[in-house]
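Multiple structures follow.
Presented sequentially are two complexes of chain A, the first with chain B as partner and the second with chain C.
Moving on, here comes the complex of A and B:
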């Protein structure tokens, strides 16, 4: 088969976002919506503390997706994966929104008195909180937060930068560097996401403890990421405005679907194990957390999680057809993104006590405008940043040495 | 100016087994082809029995004798011959049970989970690991069986209708264990056997004696390798992989429930299920590593059990060892963070109490020793791989010992605090269980193909229909394609030129273009 002739590689400019794409408008629109919604929510619920809790829920939600993106990128290099190269830039961009979350942490800092007053201003007779003051104190909390953001931003920008530089120079050493970095990155990621989840969510109720907590947040984060990742892949490959020019196929979406399904089960496994072991041993210092989170109509939300976060998506996504069909997968992904929010909402909001509430105040589930506004607001800023990054370089890592494998990828 | 689609279509697929960055080397080295794989693997069985095999087999049989003696003495006298006491009612027997079940996890992980993840390197070692799993599960089941004391009433663990309406306690994780482990054992045997069928047919067709032909023939179930057979086979295999995957998680999760549903500090902690699963995979891979290193040396299978396999297993060991380390750290952190004095006591007592020696053996073997595998040099050193893997299994045995004994020996009633030591009968049963394991392994490698012959052929370059020239078979006869591959240590940034090959099926990297050039006609 002689006659091999050379051909130039595509340049980044060949595969960037076309001017006609709707994504070009997202940075501006997203930023406007984001600022407006967060501003409105803050104006409504700042003094009652509702804003603080609603904002934390929204923040942990979108942060989890960005962290999931970071984890996905790390794992692709650690496993030397080939199938995912075409869509990996999407995950790289999701992860690279991380600096935004460092900035968006400011409202949480401003609301620390609402969120973390149990350990910031502990009861003088509380021996347990006195015991853990060495960990739960403001200075150490801030130092740790800074460490998390340094870790995440550093890792996200490292992978993003190496990958986009490879677009230009095609140097294979970028891949080797990312591969070498991916192994310590797994360890750094695992520790930072665990302690961040403990600091920012678990410490709201500082008496409660569970060794599973870090894994629980991680499981939800990865599931949320895969749902959004798959949804974006469906959106970006729509006929007529396919940003990938037909290269991303059902095969790639099928694999993302398999991961989504897998993490539905993994989240359930973790959530069940945590709940079950606490239920079975029935130790009051542990069950009290579930007592609060299942009090009143919160119990109904708990049932929604069992049905909606596990049974329904488990049955829905089990079949090959549902994962490969664009519409059904997109439906499943949207549902799971909603359920991931319900999960975090159920984990955080029952701990909200309005400022100045009577001592016998009982938390109950009641959606407030702040909850929606913060969700949309942080989401708007997230998508604005994502779309901003999307415009700046090629849609796919065009010079990745394993691109060829991804282009011809088929499930068996 | 070409369209983006055209530009991308110029980027070719690398040939199978070839990784432009290095690291995903060919799975079978040394110019293996279809015929040589069959003869190499079948040769292990067909060759004359070696002295080495007889020595190993005799030693294993001797240990098996010790097991028989220990069990007979135990059954005759009752569990009082063991070192268990009150409050340490769970001694070595439970430790050994969890130890062996844990080891049994690697087989299903390799055969099912890695199959679903398209990790083709599993193909060389899956048969071996599955066999190991079955024998490990046999050893594991032995211990709860003899721990019941009155072994003749063992059928009471099953919910058998009876005139006294006496049922096992369905709320007890110990009963779930009965179901979980027996389902696991059954599925593992099925999976192993389904995979064996084509190879049994191969052995049948190669058999020189009538007895061998009949024996292999019966179990080959009339396999003729027709298209239809293969289609059924592949569907069955995929289904079994899908069904076995949740078992990898569920079995050791339920084993962890044995401890974690209690209220005992050091046992009751929510991270136990995934922590036990990670530990099980960790110890299972270490055992596979040890056995594979012995087998590849004894049967001269270095070109099939390659350094690539050992390297990948070392990576899994480091990953799962670090997960176990994460769980140890999280337990310790929460013991402090909970502010619960009993929790803190249990963990401080583990690390600095009477069993501190066991705790530090556990930490050094499980958390520290696998960190050596961060270095490529050590991952490629057989002696280091072998020794660290032994350390890992020592550490994992001690992990179960530490969990079981340290939490029990300091219960809530200080008057009953005691120090637990095993008796000779505890030791005899444990050492003897290696005899059972060894005997089964010896018989397995002697009579069954220890490598999945048919499956292995699918991962060699000759099997790829899109391989070099589109008919890759001549590629297999090329002179040592492996040596031509660039490795990560010589990066080639010269990607400017793309060899388009024919119809986009050629190979992108210049090195491949060069290699192809040797075949151009």
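Moving on, here comes the complex of A and C:
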């Protein structure tokens, strides 16, 4: 508060991406890397099915971050938050990459026989899957996928358009509309992310039961988003090339850091709850999942998750100083983004069985080039779309009615 | 705390009254810069940034809470191991006598409980609470601290304290009134 009386704010014209910014090159470079990497991975692993599983992992990873961005924007309006206005456009742009993910779903559709053959072509004597056929059939699967993309794209573009229109006309009614929309949006978001996670990942192993799986994916998604969001904020406010011209301060980064830390604990809480209930009940239709995911050297990956996805970041990010310091926070964020990938990898990859593998095939952890290439490829396309959106309008909602509150924001 | 029963009155310090948060905020900065250490400010509502204007250091409470939380979590794990493996060696629904999985909820709960107790009682201790009386309550002017007045109290125990000089210093900061507060022993 003390110094803010004498502070001079940048003019709205300064809060757009300058021509000299490296972000201007990202759309082209990202798109080239994306297409090249995904193409190479597809050429290598299309017939074995390795590409299908690697691609699904990468797809669910970057989708989770876009969904996390959408969730963040929604709750800012539901809570009528003032602190986040300055950084909200970054999240709006992350969420508005959603149409890309509708297009990127096509390779999953083409590989459905690799991914979902358990329920697409069930064993005739399988009473459990016969019982689930009303939900797990191809037509309904496609209808649901369409509904998810309509929901997500509709919501993401609604918030993005209202917010960017307010840049032009300064009309406070855009804020009222977004607030009114935010409450049903929470319900729509919660239902769609839960069922999408069940459809696209859990249904690979269609005998498995877990009422935690939807919220497990949600928890990782929000954590992944906050880690990337915080990392982008650190990168975009670098001394010397601060795109925000000093308006985004340690205080805003500190709050994103608190969210990151909080969702480390939330993910752990959800992950443990799923494991603990299955361990305690010891029902075969539930434990069979862990039998696969803890088989062979996959167990070691599980321990890496306990240490690397919880204990290490929990202790590392606990202190206020670690969250406020650029370098330490960026280290924590990069580590968590890596761990979020390990988490999804451990959830999806143990279910991969190579095409034509012998009946006694045992899944084990072995990194293949397809895994890396798809991760980089989908990521390249994600950043290309994000940077494309970033330069289309101001990087801050410059006429948001709560902008002043965000400019003066300070933690106790 | 005086044990001298011959004189039941001694000087607690000076109380300066301000009429708005801006005035008390800038006065706090000046008191801080003048080098006073034993003093406090009192406002009817939280004034953002006042802790920095007063030059307050960060509270040691988070470290107390961390240690208490880890102690609670460790004790809970130890307790459950002792119950399962030592005191009541009973096999229940085919589970091991002790396993970390079912022990986590209680470990978490006891960690949180200890941390919560440490934060509440640590806070009371650091604030020197509870106490049934404070010398400032003898001032009728101070009653408006819960309504529309803002105060700075500099205690006589401060090394830089001098009744007349400190009084004129406080008046020069824009205080609308400065009064000497006596520390009356309650019988």
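Keep in mind that, in the parts below, the second predicted complex is superposed on the first by the 398 of 412 C-alpha atoms of A that agree within 3 Å, B and C clash if a C-alpha of one lies under 4 Å from a C-alpha of the other, contacts with A are read in each partner's own complex, and residues count from 1 in each chain.
Basically, a contact is a pair of C-beta atoms (placed from the backbone, for glycine too) under 8 Å apart; a residue touches a chain by one contact, two chains touch by 3 or more.
Quantities reported herein were computed from a predicted structural model and do not represent experimental measurements.
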{"item": "Combined model on chain A where chain B meets chain C, clash or fit", "value": "clash"}
{"item": "Which of chain B and chain C A:47 touches, first, second, both or neither", "value": "neither"}
{"item": "First (chain B), second (chain C), both or neither touched by A:179", "value": "first"}
{"item": "Which superposed partner A:410 touches (first chain B, second chain C, both, neither)", "value": "second"}
{"item": "Which of chain B and chain C A:297 touches, first, second, both or neither", "value": "neither"}
{"item": "Which superposed partner A:280 touches (first chain B, second chain C, both, neither)", "value": "both"}
{"item": "Chain A residues touched by each partner, larger count belonging to chain B or chain C", "value": "B"}
{"item": "Contacts of A:241 with chain B and chain C, given as first, second, both or neither", "value": "neither"}
{"item": "Chain B versus chain C as contact partner of A:137, first or second or both or neither", "value": "neither"}
{"item": "Clash with chain C, by chain B stretch, listed 220-228, 292-300 or 490-498", "value": "220-228"}
{"item": "Shared chain A surface residues [contacts with chain B and with chain C]", "value": "1-2, 276, 280, 282, 412"}
{"item": "Of all residues in chain B, those that touch chain A in their complex", "value": "3-5, 7-14, 19-21, 23-24, 116, 118, 246, 249, 253, 257, 260-263, 268-274, 319, 322, 326-327, 330-331, 334, 336-340, 374, 466, 469, 488, 491-493, 495-502, 506, 508-509, 513, 516, 520-521"}
{"item": "List of chain C residues in touch with chain A within their complex", "value": "25, 29, 46, 48-49, 51-53, 58, 62, 66, 94-95, 101-102, 104-105"}
{"item": "Residues of chain A touching chain C in the complex", "value": "1-2, 272, 275-276, 279-280, 282, 318, 320, 410, 412"}
{"item": "Of chain A, residues touching chain B in the complex", "value": "1-2, 4-10, 14-15, 80, 127-129, 131-132, 135, 169-173, 175-176, 179, 183, 186-187, 190-191, 194, 198, 207, 209-215, 245-247, 258, 265, 269-270, 273-274, 276-278, 280-283, 285, 398-399, 401-405, 407-408, 412"}
